[in-house]
Amino acid sequence: MSEKQPLLNLRSIAKAFPGTQALNGVDFSLHAGEVHALIGENGAGKSTLIKIIAGLYQPDDGVIEIEGEAVEFHSPADSLAHRIKVVYQELDLVPDLSIAENVFLGNLPKKAFRTVDWNELYARTSELLQDLGLNIDPEMPISALTVAQQQLVEIARALSRQAQIIIMDEPTSALSQSEIESLFTVIRRLQGLGVGIMYVSHKLDEIYAIADRVTVFRDGEHIATEAVANTRQSDLVTWMVGREVKDLYPRTPGQPGDVLLEVDSVSGATIEDFSLKVHAGEIVAVFGLMGSGVHNLGRLIFGNLPRTGSVRLLGQEIHANAPMDAIRKGLGFLTENRKSDGLLLPLSVKENITLVSVNNYANMMVINGQDERRATAEIVDKLSIKTPGIAQKIRYLSGGNQQKSLIGRWLLEELKVLIFSEPTRGIDVGSKAEMYRLMDDMAHQGMGILVLSTELPEVLGIADRIIVIRQGRSAGRWISRDDATQQDLMTAAAVQLDPAS
Amino acid sequence: MKTSKTFLFMALLVISALLLGAFGAMAQDDDAMMEADAMIRAFTVEDMPEDWTLPESIGHVTNYLVHEWYQNETKAEAATAEAYGIEFSINDANLDLQASLAAVDDYVAQDVGALVFTPVDEVASSPAIRRVARDRAVVCEGTAVVGCATLVAISDYTAGYQVGIWAGNYAIENLDGEARVLDIGLPALTSTVARSDGFADGLHSVLPEGEIVQSVDGAGSKDVAVQVSADALTANPDINIIFGINDDSALGGLQSYIAAGLDTDSLLVVGFGCEGIACKNALQEGGPYKVSAAMFPEYQGLLLINASIAVFNGVQPPPQIYAPSQPVTLDNLFDYYTQEEDGTYTALLDVIAEIEIEIVDPPMDDE
Amino acid sequence: MAAIPVGRKRHQNGAMRWSRLLFSREAGLVILLLAVVALFWILEPSTRQQRVYWDLLREISPNLIAAIGVTMLMLAGEFDLSIGSMLAVTGVTTVVFFNSTENMWAGIAAGLATGPLVGGIHGYLVTKQKMNSLVTTLGSLFALRGMVYVYTNKMPVSDLIGFWDFQDAYYNNLGPAPLPFVLAILLVILALIVLTQTEFGRNVYAIGGNETAARVSGIRVNLIKFMLFVICSSCAAIGGMLLTMQTGSGYFNAGGSGFELIVIAAVVLGGIALSGGKGSLVGTVLGVVILGMTAKGLRLMGVNTNIQLMVTGSIMILAVFMHSFHDRIAILRRR
Amino acid sequence: MVGNRSDSASTGIGSWVTRAVHWLLHTQEGVLFLIVAAIWIFLTVQSDVFFTGRNIGVLLSQVSMTAITAVGMTILLISGEIDASVGSMQAFVGVIVMSVLNNTENLALGITVGLALGVIVGLINAVISLRLGINSLIATLAMLSIVRGAAFGFTDASIQNTHKIQTFTEIGNGFFLGVPWPVIFFFAIFLIFYFVLTRTTFGRFVHAVGANPEAATLAGIPVRMVKLAGFVLTGVLASVSAIILLSRLNSGQNGIGAGFELEAIGAVLLGGTSLSGGEGSMVGTFLAVVLLATLKNGIVLLDINSSWQVTVTGLIIIVAVLLDARRRRRMGQD
């Protein structure tokens, strides 16, 4: 450890919420010019810690020290005053304000009578953005930017406050590989300027790429802090899940059966002329970068977006624009946006799980409560969803358990093919492994699985056959699991794709 | 209840003082006023003085045209104006004070010869009316507003007093001399307060032990009246007289009485206005609704147009031109109206014009 | 990737701004207003006089002033339904103080003070107690109106002293312009400067656009919302003061015929999104004028009040549809 | 989560009591129930006539119109939409049904026409909100004006009862086994839709489309149809209220129903239904409606100045929302 005074030092921080002890006396320190990664499964207490540092929560116990001095944060303003800036996972931008106003939000340059100094604002924003390699008009509304550009605006916001401590919460979750690379470049530059960066992520490879030290939390406890160079990936995983995860990708391919799903020259949204087939007992993956259209593909096949071309399930045509028809014929779709497109947050676990299949427990529209509860309980058991009861509101479950509930929603239907769009986005390592095992099981039971993903290790680990999608078209041929290499897929996906545009 | 009475009284006092102040200066010549009053009661243009000119247009700002009273009255105004060859138009404020005052401005912008004004609120309309009345003939309808050249209205207190006497006598003859009254009033307007007061005083003049058991605010509309009277009737199921400051209030009270499952044989309902079909039908049914203080909108419409013409010609009428009122019952209804085949009623204007009214003044020293 | 000189960019933006203006919501509203005026010009001869328009400006002044506060509040994503009842609270308070203190300024001060008082209560309940503002102010719509009813016993409170200056001010003019409208426009300009040129104003937009973002950026969301509730009720109080001048009395039922709905309709017509963060005060002004002109035109034509309602309702649907259509075009243009 | 273990262990009365206490203290319905109970006890002590069959009958039949409309509004609000046009519907349906009855003397026809009007206005609301994509609050506020205008366009006078159909008068004023018919309608409608909302797939879909329309679409639920059904249902139930009101007033009146929408929506919100959709309770609506009616009834029974009705209604709304907000914060929901 460095002998220098740390920029930020958190000692035995504790925070409880009704029913849970979110943090139980954890420590964390951050030095100038350091990238210190914080990892842990969902529910480990990472986001609670971030919110405490940001001044959104007040700790029940413990000390926060900035350069050796104990401080108390009563509001985000206090935290910002100590030049701490959090770059949140879910982007905190105001869509209808200009880029410049977003960068300087809460801190606009002013002239006489507390009016905004627009010239100063735009000039300084231009400078900051150019520093980050972003050459855009600061007067444009933020909604005109791509997600990656918005991410950079968030970082520009941190720079605008001359933050000396920047906390990045899952900064790469919406970025493509090349965009991640340019983010890392920015991080290294900030490091050189003496900024301390707390880097929160699920992606272990990123930690090896960028971080100096790593701290692991589990269930609100501090487990370990080590120099990254001295740790192996398997150690990290063991610390996070509290046991050894031998094989994250348990795929044991079986013999593919008949063709179940046939997608023939489908076009629509950003997709042009895309075809694929999924056989029984097979896991097929479509890999693409963000913006490649890989997510739209799922919606086109499922009939949630207008399309041309044909989609057949067991030879039967699935109508465009009618998810109902797809479901009736045995096709399911697990969306990539769990919160916005999947969960019914105000409703119970039961109601979320039986959303699609509720008709099966109903006679003349009247629901048989007993049947429904029994079916739900079976699913909860089978997927080992952690919940105090099936009547619990789903908003209180962790991300992984929410995702499992959403899968459970489809398991109650007699499906032939299930489309998984980003099956493990935002869930922790332990749940990931369970998720993959589940997909493997489903394939062995004769279902066809179609995975749409932007995560390369996942695609390589779980799929039997892979195709790459680039700018809405298939890029290259089908590759079998055994022939696929990280290099090939990345090249196919990224070539000709300008990250900044 | 005591404080509210005092309050009412104070307000009445203030308003009368204001009225007196406004008209005091002009009250030089009673004879001239009586003459004006007589001229206003003329029936045709021929009966009017030869040197009078007719305004090109007359506008009427009403406050609640949904009500049958205003519909029948404005119909009569329109018919009279048409007979005279005057352009007549109506603008309805629909109980919105702002809209009412804006409508006054609009008539000024249209440069109407004379303005008939029914206030949404008598006090709040006064500044606007005073301003407009400086160079324009403004005649108030129903309720007095300071600034109007004159008011065309019945004597609310008198009309209430008359039906009060009628009700008292009825109670003596048919209700064993017992009168326990539910008063469905409207405290917002002085005219409707005067109706309730007149009724109570009239009743007491023949039946001193008669009792106003409860006074509720029916807002002058049937749905509110039904609601508030239903609760009042459960609190006091022995009520045997319902008085309403208009027919809707009275009929609403009756409706609640029926819905409460009470015996309608021992009930008397006293209405006010009898301007529309509802009252006349109810009288003919022979149920508990036996009497209403009729105000004859068909004749008031005519008076309003005549008064407007008089003021337009610079004549100073008395502060109030009393329109006829009369307790009507099934016995005398057809003295004043004939019923047409389609069920509608036609007013017999010449009979109505002959009704003699003796104004009863409210006691001023009632504390 | 060379940096573009700042100067050139400015220039470019000038052209961009003009095209933005041309395709803005406000441009659509101006066209709608002109269409309404032209229609009445053709149909009703009396609308061809100047004084009709001066009358119009005078009569919409209370609504306009109240709409300023509602706009600012709605931009931050909150609501106030109680403004109609505020008119009565202010009026009655003012006149009661006229009569008891016999001092005009004391009455005016007391009347205007009701704004911050009621707004402060709303602000406290919404920001500290985390109550939903729509339901809270629905409650105070009834509570305030009821208190006025109880206090006045539904009798108008008249100015017994006779502050004629106070009453005349409503009908006085500054040059050709009605005094109330001059006041309203001054307040509009002030609010416009606050909203577009000060940090406070930009923070209002930020809160409405993304409250979490505003919060984590150190913007004191609760304080700003509290102030907006105070501003909104105060604007309604000023509106109520104008009505008190016009009527020379405290009317218990002032604003009781759906004043809040008329104002909110005008604000929505002006393009303020119900979800907050979007729209401009200029739109609100146009919205108030369009609704006022429609009502006035129909009144001058002698159209029945309830038919007026139908026309107003249809115009609202048309305008809101126009806005949503405009939003879609704007998204297309951006692509 | 610790408590659950002991719940399953303790059986019978113990767990029942625990659950009842939880309901009373930790739900909006429970809080409302406690307020209603307190006021009922107070009024029973204060007034001899309050807790009599007749007064309760009056109280409930007074509120039946608001209640029936509020039942539809609860469903609509849970589905994430709102209908402000129900106030004008009271006038519009009233004048038309009365005139149909007068002209045809056919009760069934009159009621059918009334319900059909509910369907039509509901459909128009649905088309404007769902098809044109206009926020339903704004769309139906506009419809509030338009429907009122239509009522006035139909007739400028109130329409008196000239058909004298006895059964029609019974609808609003009659009794069945000593219980007023409006109360029977109200309870029947409440029970039916309580069942529909909590025990049927339609009810489930209503919750789903309100909670997350996109998720509902992806689950194969016809979101627009469900919302449309909500609009139509609200329209029809507003018509039912209008017909009962018509019978009680015995005449079709143009001016009635102003502010009725605020009363109905206010009751639903007071009952704990969320403005943002997905969450709501029919029982809460029921209790809220009864609470508001009790206040009005009590104020008249105690012969307090009726202006207090308005004040107290407002204050109760604020207090109930305050309690709910505090409860939510205690539960850590915000």
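In this document, chain identifiers A, B, C and D correspond to the written order of the chains, with residue numbering beginning at 1 in each.
The rule we apply is simple: a residue touches a chain if its C-beta (ideal position, glycine included) is under 8 Å from a C-beta of that chain, and two chains touch if they have at least 3 such contacts.
Because the structure is a prediction, the values reported are computed rather than measured.
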item	value
Shared chain contacts [chain B and chain C, defined touch]	D
Two chains joined by the most C-beta pairs in contact, as defined above	C-D
Taking each chain's C-alpha mean as its centre, the one farthest from chain A	B
Between chain A and chain C, centroid-to-centroid distance (C-alpha), Å	43
CA centroid of chain C to CA centroid of chain D, Å	31
Rounded Å distance, chain A centre to chain B centre (Cα mean)	74
Shared interface positions of chain D, touching two or more other chains	152, 156, 254, 305, 307
Sequence positions of chain A contacting 2 or more other chains	none
Per-residue overlap in chain B, given as positions that touch at least 2 other chains	4, 65-66, 217
Chains touching one another, given as label pairs in label order	A-C, A-D, B-C, B-D, C-D
In the complex with chain C, residue positions of chain A that touch it	54, 56, 75-77, 79-81, 86, 88, 92-97, 101-102, 105-108, 110, 113-116, 122-123, 126, 130, 133, 135, 137, 139, 143-144, 157
List of chain C residues in touch with chain A within their complex	1, 3-4, 6, 9, 13, 193, 197-200, 202-203, 205-206, 209-210, 212-220, 277-278, 334
In the complex with chain D, residue positions of chain A that touch it	17-19, 302, 304, 323-324, 326-328, 333, 335, 340-347, 351, 354-356, 358-359, 362, 365-367, 369, 388-389, 409
Residues on chain C engaged by chain B in the complex (per definition of touch)	46, 49, 51-52, 55, 58-59, 62, 153-158, 160, 167, 170-171, 243, 246-249, 251-257, 259, 295-296, 299-300, 302, 304-306
Chain B - residues contacting chain D, complex	4, 64-68, 71, 214, 216-217, 221-223, 226-228, 230-235, 237, 248, 251-252, 255, 258-261, 276-278, 281, 343
